[in-house]
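In the two complexes below, subunit A is the common chain; its partner is subunit B in one and subunit C in the other.
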Partner chain A sequence: MLDPIIELQSISKTFESVTVVNGVNMSIRAGEFVTLLGPSGSGKTTILRMIAGFEQPTAGRIAISGVEMNDVPAHRRPVNTVFQQYALFPHLNVFDNIAFGLRLKKYPRSDIEKRVKAALAMVRMEAHIQAKVRKLSGGQQQRVAIARAIVNEPKVLLLDEPLGALDMKLRREMQLELKRIHRDVGITFIYVTHDQEEAMAMSDRVAVIHAGHLAQFAPPEEIYSQPSTPFVAGFIGETNLIEAIVSDADADHWRLSTESFSLSVRKRNHDIVPGERVTLSVRPEALRVIGGSQAQEPHQPIVTGTLTERVFVGAMVKTFVRIGPETIVQCLETAVAAQGRRIGEEVALTWNCDHMVTFPS
Partner chain B sequence: MSTAELQGRPTRSDRRRLASTSRIVTLASVYAFLYIPIIILILFSFNNSRLNATWMGFTTSWYGTLPDHPNMLNAAEISIVVTLGQTVISTVLGTMGGIALHRYRFPGKKVFVYFLYIPIVIPEVVLAVSLLLFFNQVSFPLGVVAMMVGHTTFTIPFVVLVVRAAMSGFDSSLEEAARDLGATEWQTLWKVTIPIILPGIIVGALLSFSQSFDDFTTSFFVDGMGNDPLPVYIYGLMRHGVSPVVNALAAIILAVTLIFALLGERIQRVGKLARR
Partner chain C sequence: MELRSYGDVSVVNPQRRSLAERLKRLRSRWMMWMLLIPVAGWMIVFFAFPQLLMLFISFMSQGVYGGIAYRFTLDNYIQMFSPVFLNVIWTSVEFSFVVTVLCLAVAYPFAYAVVTASPRRRMFLLFLVIIPFWTSQLIRTFALMFLINTSGLLNTLLLQLHVISQPLNLLYTPFAVYLGQFYAMLPYMILPLYASLQSHLESPEFLEAAQDLGASPAQAFWKITLPLTTSGIAVGSMLVFIPTLATFFIPLLMGGGKMEMVGNFIGNQFLSSDNWPFGASASVGVIAITLVLIALMFRFMKNAFLGES
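Let's turn to the complex of A and B:
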């Protein structure tokens, strides 16, 4: 495996006795597109600002290419940032904005011009080289902000919700653009967003941040199929969380009981013992609804309940089934499969336990 | 108040017309009270008579004779040197102070800001006397430099307050962007912060200039011997009676002060529009 380009070793940040980042460990490989994903206020921006050098970690160590960065001021770190509100210099035109970093590094004039033009070509803004930044649209300003950062050839590009201010259509477009730019320049991207769809669509790996902790750091598919905590399961896509208790265990199975059903699952996590409470997570699309008389497949749990609501979402139908006094689960079916079901009907639910995740409570 | 309101929009009811008429009368008398003395002063600077009593026809000869008056050019020169010098000092210090006040939080900051207003609101004669006593105590020679220092004490607050206001509209993420791109703190100040708040700094400098150029009280106390700036020089002329020369000179001071103050106001407005 390649050496990590960025290493965060149990970094924490405390503002006036409130700990907003708590013991985060991450190791990011060169060229990766990594996304910090979490709800607003979870500490994503603070982590990014510590990497950029705008905040000092209260504890822990930050290294870039193996060099410790804790005592290196922001202006000498080999990273550049694309700010959420772009932060373009209003007194400079597009060319001078992009040339800002190169001029500070005393590049020769002809070299500066060549590099600025190349960066503008990269973001497809060649036509606006002399434009005033105020005259540009939000999407164009965004592109200039990206060009201003990548022209310096940083080892790592930090992007803090760069698409947050754009409308949905432009957002989609810029997501693809950013993926292309990432491929073309080949530098490491650390991208912050609270939009899980965006994170899943763009990233090589997603770091889910929850209340200052790193909840999970894994490729999107793994985050989706093997979430590490109920929070991750609920934050990435939709899921049904069901409380259960371990009623029994043998060599390789647990018997789990809920208020309405019990089932047997293959052991994964060996530190769960009988008597312990657990939470089950089953994705709506993993659930199958069986109307009255259909045969149940072997080795699959089954629970019966009452259909309480049906909602069309595109070509799919979301079916809500009450399986216990306290528990309503939602299932996602194709409109074809859901045809003919009525509210109030008795139905059975089945699912493949390989698609269910068990968390200790 | 809009011109439409001043002209009194045509209304159907007489009562409303009456109300708007009385509003115009009120306004007119306030402005008359403020400006008639000044208008008369300017008018009589063009009066073809030694006396400020009756209008004897138009002439610009009083302005023409100004340079012939003993020490007049000297006074003008001193005024300009003192004003420019103190403008530089108060602008540099005031800009630093305004940026610092915006940027840093420290205990007692509120009190510190209140203290900035004190030189503006206390009677200037108190300030002037205290300056005179201070200069005597530390054996600082009275004269041009003493006047610069003295004027700076009451012009700095204007610069600080205007620059601080300019900073409050300044997006500090621009400074982070500059640091991110490799600028040191000093380079960030010169290449980003100051260029962007420059309209505010210029407004502060112009205010400082106009406050200093027409100052009488402080100059009178600390100018020492033979260093009278224009306002003090006028006072000297008055001992020989008010001649139209005084009118002409006063009109010039008024014009210079006004031009700088209006220029400042104009820049501030353009700056605000541009920021939108």
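Let's turn to the complex of A and C:
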């Protein structure tokens, strides 16, 4: 197992009595593509700025390659940043922007030229080497910003919502480009986004940030299938959150009751006792709508309700079913499976309990 | 600008422009002219006309008993290449250059300090810069003379403190002229620098990017802040250099007439030598120099801003 390249030990940041980052622990391996994912204002940028050295943590320790960084100023840290607004120097052309860091490190002239050209080739911008940065499009400026950072061969590349200002098509394109660049240069990427799809598509591991806390830090599949909190479940993809109470428990099952149904689930490692309130999370795509006579797997719950709404989303249909006076759940079915169903119809829902997560309240 | 962009929008679909829209366009044009007339009238009567008159006189001959003889000549322009006049021009250019550099050297750190000060302090410091604009420059020059003359405040203080035994002869020296001009021009340098540094430091993204790429604070200043505030430096330098080139009463009052600038030289042509045509050609010459400088400055700024290497 490789030593972590970046280690955050319970770092916190307080701005004028408001704590925006609260006790974050993270250990990032060399070469990993890690994404900080969270809604706007959750503290992602602040975490990134603390790693870059633009903010000092109020508490906690930051280490890069085992070296404590808390007292190291930004210009001496072995990291480079791709800023959200690119921050390309307007008085320098593309070449001089990219050469900026190398010149400060007093590289020989010929070496600088070679490296700048290689970096430009990496981002496919060789043709624009003498261009004025003001004349470049948003996507081209983005590429120059990436080249300006990677040309310095940092141990870690920090990217703060680098695609935020691009339109959707260009975004998709640049996501693939970034993945390729990550593979080609092999350095560690720490990527900030509030777009969960982007995070899931690009990362080796996703750190979900919720109100300054690290809610979960795991590979995308695990974040999706075993979210650690109802917030994570709701933020990654869509989910149905259903309040329940633990009505009974035996050696390896809990009996859970909601306002409209009850079911029995296999125990997980949570310490839940009868009488406690819990929240269930079932993904719309895990729910199956069945007609009354259709066969049903044994041990799977079956809940009946009224179909209240159907919405086409591409080739899928989102079906809303009222299963209790307070509870409407949504199911995602293929358009083919949903054919012929009408609003107001009585339907039954079933799902595999392995695809349901139980959170203690 | 507003009016023009409005025009552009309408042009997008010329056929379907409604009557109301046309009227609105017409009215906005009409409004524009109405607003321009007072200013344009003022400029024509008090600026363009006197300048044209000056240009006209500069091609006339000097009368036998002074005054203007209405005979065309180029003599006044040829006379500008006489060593006496070239010498005066050179003194003025050198003086203006030194004063501009002095102002820049003092104003830049000061403006930087103002921008980075706490809001309360910033208001106070800006207030100090703006106060001089509320007083006539002539009065401020007299006040400065009062401060540094042989029996003035400075000498009295130094004598009382036994720092010196003889009063210092400061007034009526070139030093006094430099001091007077520097003092008069300093706010004109500070304000554009303040504006330019303010907008640069307000968004620290470029400085952070420089630091991120390994620049120490000092390197970031020389490589980023200074080039990105060139516009402030250029504007401030113009605002100091051009009036200093034409300065008139400061050398007269504080230099005791010993230091002759081109402004004084021209003044003398009109007031004592009674050679209006040469005075006129000399002022046309100064205007020409000024225009060339402004053109050079704009060109320089344009290059600095479009990132040509």
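Heads up, the rule we're going with is that the second predicted complex is superposed on the first by the 360 of 361 C-alpha atoms of A that agree within 3 Å, B and C clash if a C-alpha of one lies under 4 Å from a C-alpha of the other, contacts with A are read in each partner's own complex, and residues count from 1 in each chain.
Heads up, the rule we're going with is that a contact is a pair of C-beta atoms (placed from the backbone, for glycine too) under 8 Å apart; a residue touches a chain by one contact, two chains touch by 3 or more.
Fair warning: this is a prediction, and the values are worked out from it, not measured in the lab.
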| item | value |
| --- | --- |
| Subunit C versus subunit B on the shared subunit A, clash or fit after superposition | clash |
| Which of subunit B and subunit C A:Phe320 touches, first, second, both or neither | neither |
| Which of subunit B and subunit C A:Lys105 touches, first, second, both or neither | both |
| Most subunit A residues touched (candidates subunit B, subunit C) | C |
| Which of subunit B and subunit C A:Asn152 touches, first, second, both or neither | both |
| First, second, both or neither for A:Asn93, with subunit B first and subunit C second | second |
| Touching partner for A:Lys132 - first (subunit B), second (subunit C), both, neither | second |
| Shared subunit A contacts, counted only where both subunit B and subunit C touch the same residue | 52-54, 73-76, 79-81, 83, 85, 87-91, 100-101, 104-105, 148-149, 152 |
| Contact footprint of subunit A on subunit B as seen in their complex | 171, 173-174, 176-184, 187, 191-192, 195-196 |
| Of all residues in subunit C, those that touch subunit A in their complex | 205-206, 208-217, 219-220, 223-224, 227-228, 230, 304-309 |
| Touching residues on subunit A, where the partner in the complex is subunit C | 52-54, 73-76, 79-81, 83, 85, 87-93, 95-96, 100-101, 104-105, 130, 132-134, 148-149, 152 |
| Touching residues (chain side subunit A, partner subunit B) in the complex | 52-54, 73-76, 79-81, 83, 85, 87-91, 100-101, 104-105, 148-149, 152 |
